[in-house]
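Going in written order, the chains are labelled A, B, C and D, and every chain counts its residues from 1.
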């Protein structure tokens, strides 16, 4: 009951947030990214965290949603919602093919095979003509079916809804037969099979569900940015970022992926931009000409990926169960 | 719980604007690819822009440049632009470098009404959508192939082979090259698109050699160009001319590899031997400061930043900056600059691209005639 | 055929050139407690793996409840009513004891509530109800064995294949398990069980098959087996690995 | 002519791929860790060769004498500080750790050496000779190929003949059993990672004269190295060597007869096919997966 109250408060707060912060498209943009990463991490968590199948190729499903929506929109002027549905179809198709190949494998082989499948998808999109190839797809002058392009709220609420649905599914799944079956598969595939669990079937179900949710996020992202190319939506980096977000938050938990996104997305933004330095300078904490100031101004912009790498290493070494793992030592 | 709320509040504060500095300095944003795949070219832009800020400060301009990295990711570029215009309150933005990022940011510029000056992104579309607030200094991608083909047209080549990087720039440059080739009656004998960074192109080049083309049209960035030309020499690929579009064929590093780069023809936005005011001197100072030759990206960034600072200082707000950019004309290291609406473009500088040939280790401008001192050596020989 | 619940007919299993099980045949009747014994490496666990679908057989027929189960997947075999435990226990470590048993119970229901109630019954049956909330990984070995048993019972099996369910247990613990097995039989479940401990086997089994080097060495009642000279030779000659 | 040209250049480039693959395969086999920092370790080797050449004027091939021990030490220390601590963690944590280490290495290189590509131009960088009338053979690639063969042979003998080599193989067969037999498996892991790093750096140094040197240059080779060691069978030196040659030839042949842009797809498809139909690799033992 207490959990339900917390959820309700969170959702209401999230709905009210854009109204509270007013006209700050920058902050809302960051929040959209945050909601997107939380959705992607939560969706990945279904197959990676609960079923224990560490897919390193989730960019393929994200790209499936993004590309299908954009291709249909640019070639046939298809309604984005129809495009999104078609994207789900394509993502399912890729998931079925991937599942039939990679689920026969375990451990490293599974991880590597999932990379290989995703790379084949990426290279195919890059080499084909109707996908825009290396040029990507840019949409500026198509009718947007009543969507106000200049407003960020539809995308904010769209992402929020996807996230709530994803978390809702995860919460339901956790306490359902399927959820228990997935966790049994994660803990021991042989034991799971001996208890009457059709391992391949349940793994594929988890992957399909995860792919569908990932692809929806991909569609919304594409409509939001209105420019996609393979390096933005199909890259291995994206797959890795999704996993990292989940692991840092807490893999196999309901709130871990959200927590990971809440920590990592603002962190990445603060490191990428000069936010930290700028704020400190203006507050008079650090002088712009001091060595620290110069580092914040010039060094950090060059070194933020390095900082990201260091955080990754430290997290894996000292927080292998994620931030949530810290609080759940006893359990 | 209290602590959590406090830390969330502290984080949120970062994203909100603080009261602006009292001092009367003009504030400009600069979005660039400092990290990521395009970091190498990004660095040239960083250097060029930094020199412009230095020069203008020395001239008495008071300017603050807010630098943003987009890592080549359009999502980050958009966040950067929105941060610059809403949080930092800049009156104009220079950048971004990559075409993808520039496209995304350009499509939002009219919404925020803050002028964007694109220094070096080549994608044609950026200035073809009629955006009022988007200005571009450099010539778009199609001009690369146009000038290259024009430079050799007089020698009546018959066949052409394309070897190019599988990137936006590579693909669109080759597309316009194909249009030009069609107009010139050239026959296409090979079309090879490659993934960047591979160590071995010998099989591809051997295949091209088998078609015995008159022209080999290449698009490569970075050091791929050196690799391709080395391996072309090994394989014995000897067309009548190598035409290089893309930054890889315009670097000092490439020219230094005399045994492979001699007589390669390339298109560039800028050289230091061109007779534009300050070009040679810029090159000299850049070399002294950074220990390497400036690339055309550096020159573009320098000039874009210089124009932005100069114009923005006179303008009070983004709207008058836009008017001033539209009305103004400049003549600096990039030659005459004027943002005009012409042949489908809006606010596009009609920048004359140059064709150069490496002759004995130095770039010599050979086309168009009014900027050139040397003649094209044709056919190519080892 | 009518009384046979499980019928093994000339089953062989080869790994590359190695013959693990060779031409083994026997039948298990309903409500029997059937012992499968033999020294280490005799092929007992391999045979279990063949019966329950983890290994495809090289040749031979396996029939359960009158129909062939050759080449069935492990989960299908389980749902036909034949459940197994593992020699090296396989608890689902990060799940609680109760949740482990619930996973088994889901074989016959989709409702988490029903699964939980049924799982609690099984925990009571094996005497684990005090440990329901603990993570399965934290139990000592004796309780893990009980958990294995409760978990397979939750699948509502007709037949149980127990792979050294008493291995690693002390005398008291063994007695408790054996008592549970007897109760299960009287509730109508047929039991095949692999064991090293001759005393346990002879005290409980109706019928015993002895395997040695993949082949059937002898079959009979406990009394027949304990007096069979070939069995004595194999066991005593096999040395003391019986306690392994 | 095109066929033989592709075959020759494919084989020669495959030799360098093989060296990268062997290093990864050893680490895979003995430690059961997939090392996503392998490409970045290659990059370190490239820079070492570059600076040995430009600052100390040592020929890149001779500089191997320096690079191998130095990079062995780097690998040994990396294992002690980082990799060894996650050896019993789940695979995905190991993968993410090595990705993090790779990010640290490549971005430190970016800060230290800038993103300008360096070109290591030796007198023979673009020299070649012609055989069979019209087939050109690159001199530096041929040299690299021969050195690869030599290193492979030495490594094979080391694993087969020496005490340490046998202990390594025992650890790769069964870590727990090896420990019971008194083998110091944690030391074996460190030695393995050291050798893996040395081989990666050597591969980097060997490719440096014909390639360019850049902080992100190793990434091209990372997925290739994975493909090679899966193809050859984890932990198999001979397998990785043959795997490298196969990948080299497949790439060259698909560039020549299919199309340059589809060649990576062909390589990944081959990779998946091997995983599906012969998961133990061409030279691995069954049951390894």
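By definition in this document, contacts are C-beta pairs under 8 Å (C-beta built on N, C-alpha and C of every residue); 3 or more make two chains touch, one makes a residue touch a chain.
Only a predicted model underlies this, so the values are computations on that prediction, with no experimental measurement involved.
Asks: Which chain lies the greatest distance away from chain A when centres are computed from Cα atoms alone?
Replies: Of all the other chains, the one whose centre lies farthest from chain A is C.
Asks: Of the pairs A-C and A-D, which shows more C-beta pairs in contact?
Replies: A-D
Asks: Using CA atom means as chain centres, which chain is nearest the centre of all the protein shown?
Replies: Of all chains shown, the one whose C-alpha centroid lies nearest the global centroid is A.
Asks: Compute the distance, rounded to whole Å, between the mean C-alpha positions of chain A and chain C.
Replies: Computed from C-alpha means, the inter-chain centre distance equals 44 Å.
Asks: Just how far, in Å, is the C-alpha centre of chain C from the one of chain B?
Replies: Chain centres of chain B and chain C, defined by C-alpha means, are spaced 72 Å apart.
Asks: For chain A and chain D, let me know how many angstrom lie between their CA-based centres, rounded off.
Replies: 32
Asks: If you average the CA atoms of chain B and of chain D, how many Å lie between those two points?
Replies: The answer is 36 Å.
Asks: Two or more other chains touching the same residue: where does that happen in chain D?
Replies: Expected reply: 107, 110, 261, 264.
Asks: For chain B, give me the residues that contact two or more of the other chains.
Replies: 35, 37, 166, 193, 195 - these are the residues of chain B that touch more than one other chain.
Asks: Give the residues of chain C that touch two or more other chains, as numbers and ranges in rising order.
Replies: none
Asks: Run through the chains and report each pair that touches.
Replies: Applying the touch criterion to every chain pair yields A-B, A-C, A-D, B-D.
Asks: Of all residues in chain A, which touch chain C in the complex?
Replies: 175-177, 180-181, 183-184, 187-188, 190-199, 252, 331
Asks: Sort out for me which residues of chain B touch chain A in the complex.
Replies: Within the complex, chain B touches chain A at residues 11-16, 18-19, 21, 34-35, 37, 66-69, 71-76, 78-80, 82-83, 86-88, 100, 103-104, 107, 111-112, 123, 125, 129, 166-168, 170-172, 193, 195.
Asks: In the complex formed with chain D, which residues of chain A make contact?
Replies: Going by the criterion above, the answer is residues 48, 54, 56, 101, 104-109, 111-113, 115-117, 119-120, 123-124, 126-127, 240, 243-244, 247, 302-303, 305-306, 308-313, 316-317, 320.
Asks: Can you name the residues of chain D that touch chain A in the complex?
Replies: 28, 32, 34, 82, 85-86, 89-93, 95-97, 99-104, 107-108, 110-111, 223, 226-227, 230, 261-262, 264-265, 268-269, 271-272, 275-276, 279, 289
Asks: Tell me, which parts of chain A touch chain B in their complex?
Replies: On the chain A side, the touching residues are 21, 23-27, 29-30, 33, 123, 126-127, 133-136, 138, 140-141, 150, 221, 225-227, 229, 231-232, 266, 269-270, 272-276, 278-279, 282-283, 297-298, 301-302, 304-305.
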